Amino acid sequence: MSAAPTHAVPTHLVLSLSCPDRPGIVSAVAGLLAELGGNITESQQFGDPSTGLFFMRVQVEVTAAPEALEAALRPLAESFSMRYHLDVVGRPLRTLVLVSTAAHCLNDLAFRQRSERLPIDVVGVVSNHTVLAPMAEFYGYDFQHIPVTKATKADAEAQLLALVRERDVELVVLARYMQILSDDLCRELAGNVINIHHSFLPSFKGARPYAQAHDRGVKLIGATAHYVTADLDEGPIIEQDVERVDHGDDVAEMVALGEDVERRVLARAVRWHAEHRVLLDGTRTVVFR
Amino acid sequence: MSAAPTHAVPTHLVLSLSCPDRPGIVSAVAGLLAELGGNITESQQFGDPSTGLFFMRVQVEVTAAPEALEAALRPLAESFSMRYHLDVVGRPLRTLVLVSTAAHCLNDLAFRQRSERLPIDVVGVVSNHTVLAPMAEFYGYDFQHIPVTKATKADAEAQLLALVRERDVELVVLARYMQILSDDLCRELAGNVINIHHSFLPSFKGARPYAQAHDRGVKLIGATAHYVTADLDEGPIIEQDVERVDHGDDVAEMVALGEDVERRVLARAVRWHAEHRVLLDGTRTVVFR
Amino acid sequence: MSAAPTHAVPTHLVLSLSCPDRPGIVSAVAGLLAELGGNITESQQFGDPSTGLFFMRVQVEVTAAPEALEAALRPLAESFSMRYHLDVVGRPLRTLVLVSTAAHCLNDLAFRQRSERLPIDVVGVVSNHTVLAPMAEFYGYDFQHIPVTKATKADAEAQLLALVRERDVELVVLARYMQILSDDLCRELAGNVINIHHSFLPSFKGARPYAQAHDRGVKLIGATAHYVTADLDEGPIIEQDVERVDHGDDVAEMVALGEDVERRVLARAVRWHAEHRVLLDGTRTVVFR
Amino acid sequence: MSAAPTHAVPTHLVLSLSCPDRPGIVSAVAGLLAELGGNITESQQFGDPSTGLFFMRVQVEVTAAPEALEAALRPLAESFSMRYHLDVVGRPLRTLVLVSTAAHCLNDLAFRQRSERLPIDVVGVVSNHTVLAPMAEFYGYDFQHIPVTKATKADAEAQLLALVRERDVELVVLARYMQILSDDLCRELAGNVINIHHSFLPSFKGARPYAQAHDRGVKLIGATAHYVTADLDEGPIIEQDVERVDHGDDVAEMVALGEDVERRVLARAVRWHAEHRVLLDGTRTVVFR
């Protein structure tokens, strides 16, 4: 799951990085980009005192080949103990979407992808059901039915992982996929799987969050997009949002209202991730919007 | 804690009621009001299938004395097993505000009260500290210092309750009062005490909610106004709202941002309660906004 | 464009009405419903002092035939000079959707309709272009291409009106239809055509609102759903909402962000209209949400 | 109106700058800061293609004296044709607040200032009325009554300007000051006067915006904080926000709801300005939040 740009000479690159904080990082990076004739068009930095980490995202127009930039970056990254990612601005991320029967998130992602509002390339839709096959096909996506039962779960995950590898998948989106990934798979794909949870985490973890929310009589319901980790519903949060409900909204109406928040929150998280705006900061995220 | 209107002939009354749901309630109430020459200016009804209860709030202009309306209502209420409250629209509720050292909620309530945006009459400000005495005095409120230690807690609550009785208090507002009321006091004042909790309940119950929120990396922080019950942080929710935070906001900044949500949420809850818009529906509330 | 319910015995009806305000309206309506054994499940009233009009919406469960209710209502409506509408709760409104080339509103309405989140029955999609034909077909809607040029405009409108009549259309939705309806057509369909305007009216009327918004440097962009009248962009507003933008958002990004607000605002307006929650109050609307 | 830091050795500085965009700016600035041993803790950049300008804000911890930084910056600024401002992070801006009779904005600013949520030093409150003198005094601010009539307007403005100079005022806040500043005064104080307008500009310019909003039947009301220019209600917008209203809200209720938005929007604009987060970009603003 990496992506050194291999296409024709690009003009616009995005570099995101994190490293232990210390003086001189911005200067070193900006200096390197200037030496290569780069023009910075957008940039954000943040030092987190609570983790001692420094984060940076920069968009730069260069005439040099990305490979030259890559080569110049490597020793710098090493000397600052950087984790970094260099990519072409707008290059679509190779994405696999996992769904069950709920259509709203798939429809929203697909529509945005097709409208060029979301820099992803959907290389496949996988489902443990078949009901969303027509929608996937309408959008021209390859649809794979991988049923999951207790007995076949390990096998199903193996198929999934094989698909990820075959298709060079960079991002997996759980778009209301109602199966829990095994710890092994979570570790294997760490940092590259985004899930949408239908509650304002950490409230109402686990099953039937809208029923829980209705019982508790909350006045806002929400949704949370987060990276998937082995620790269920506890992964680093990328984005959250809420919708107002009132006493007149029963569980079914909350579910309906919730669909709007879920798809909105998931679409934002996927877009920011695909634009390399999200960086891991321990159990939290830095989001350079 | 009740308030049959005893003043001069009013023109505008508000009736709020709840009872087991069955056909004919609206007709009976509207018929009674029509017989007395009343003109309904605003009205809302709601039947909750999950509790089987019916709720109604109606504002009516009458030329008859409120006592006549009261007398006509009584048998009707009995026949429908209604809980009801009849009051003059806009009559300020006799309110006691409890604070500790945080000023933002008191300042907000006081400013709104003085600007005639909040139909309450602040008959006293009680604090376990003295730091807010000047602010209370600036707004012309009587300030009472009732210190609370483990040893004096029972005695302090007795003083508080005596004050509630002496001053005919109808509403107690915990405006960031950092003491937990005893179960007995909660029961005694049930339905008439509003607390502001500095988190989006049920997330981050208990102490230091903003520190908990920062640790978890949430993207929105919130506040919750609820009726106080013996079950800490579990009382019926009246209002909630949220504010966006990002990776750059540390705990101190979350606390600062949170103050805005807290005061806004508390002010709304107090206003709706004082306008008789909030009705209890089991462990939830119906809010006729 | 009316709809006396003619189907089998319903259990749940919705009555919406407006009339000059005077005492006794609620009592008369509620009394009539009670006499017929109706149980009111939801109801809202509002008297507007600025226009002297009274508005009411009531949902009622009845065992009587709707025709009996209709018959009982007629003399009452006459005596109070009421405009009223009686319908079966949830009956889908026969709806014609007009589009040009932008897909986001059509996709959103269609997806909600198919997910049973929107009580409309799309009896046709009309466009002056052909690009959205596949999407209409995917959702199983009849697609009609009616091109419009200066020369053919009158003819095109005649075709449109014929379609409205043939298919017994109750609601026309202009889902980013980039043609201005003639005054005659506006009058003919008055109160039954909803348009989505891509600005927070009355700001940025007319063409290219996002470019205007960018020029002015506003910090929020918005959308407005309104009834269409002969007075362009001046019809009664049903719903509005906004989205935050910042200095980094150019016109193209505003257009992209705006699509989200547009479709959300239009979907709400169509839903409220189809649920008979929107009543005309002069040049404004009463919306019983 | 400038503020070269003259205090003891600071640790945390903020530099904000704008200049014609070209390659090498970030590198030059970051390099200079690195040479002086500075550690960048927060930074944002933005290049506006529509004006060809580049904007940067950087917070940096330095051990060198600010004067050394200032000296090093000067030639760099010249070579890039930069406008820049260097200041100590958190240094309170010397601020003059102008009011008439409405208290909500003054109360809000004062409370935030006293709670250390707003880095301003209120060096005076000026009013053409006397009603807010007690509030100003409660917060320990000097209150000046400068009445304004048609005849005395020029004289009143002269007094105001004298005050600005005597007290070394850096920022003037029109906190619902109901007088229009003369073109000369606007020019004199350009970029240093923030006004709160009680509508969502450009809608409802001029007088009685809430009455205009009610007439038009909008579903959201708003407020706009902007820099004052000679062109009334047309200055660069710093911040805007909205509040939902419905058919039940008459003009008086809109005014009351509007007060909440006004004070919130004004407080944000003043804070961002005082934190040197707002930069002028032609008739728009760049706000590095």
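Per-chain numbering from 1; labels A, B, C and D assigned in written order.
The definition used in the following text is that contacts are C-beta pairs under 8 Å (C-beta built on N, C-alpha and C of every residue); 3 or more make two chains touch, one makes a residue touch a chain.
By chain, UniProt protein names: A, B, C, D = Formyltetrahydrofolate deformylase.
In this text, all values refer to a predicted model and were calculated from it rather than measured experimentally.
Enquirer: Could you check if the interface between copies chain C and chain D is built from the same residues on both sides, meaning over half shared, or from different ones?
Expert: Same, since over half the interface numbering is common to both chains.
Enquirer: With centres defined as the mean of C-alpha atoms, identify the chain lying farthest from chain C.
Expert: D
Enquirer: Averaged over CA atoms, how far is the centre of chain B from the centre of chain D? Could you give it in whole Å?
Expert: 37
Enquirer: Using Cα averages as centroids, what's the distance between chain C and chain D in whole Å?
Expert: Spacing between the chain centres: roughly 42 Å.
Enquirer: For chain C, give me the residues that contact two or more of the other chains.
Expert: In chain C, the residues touching two or more other chains are 42, 46, 248.
Enquirer: Enumerate the contact residues on chain D facing chain B in the complex.
Expert: Against chain B, the touching part of chain D is residues 42, 103-104, 107, 111, 115, 117, 138, 248, 256, 259-260, 264.
Enquirer: Considering the complex alone, what residue numbers of chain C touch chain D?
Expert: Contact set of chain C toward chain D: 46, 48-50, 55, 200-204, 214-220, 222, 236-242, 246-248, 250, 281, 283-287, 289.
Enquirer: Could you pull out which chain C residues touch chain B in their complex?
Expert: Residues 21-31, 33-34, 37-47 of chain C touch chain B in their complex.
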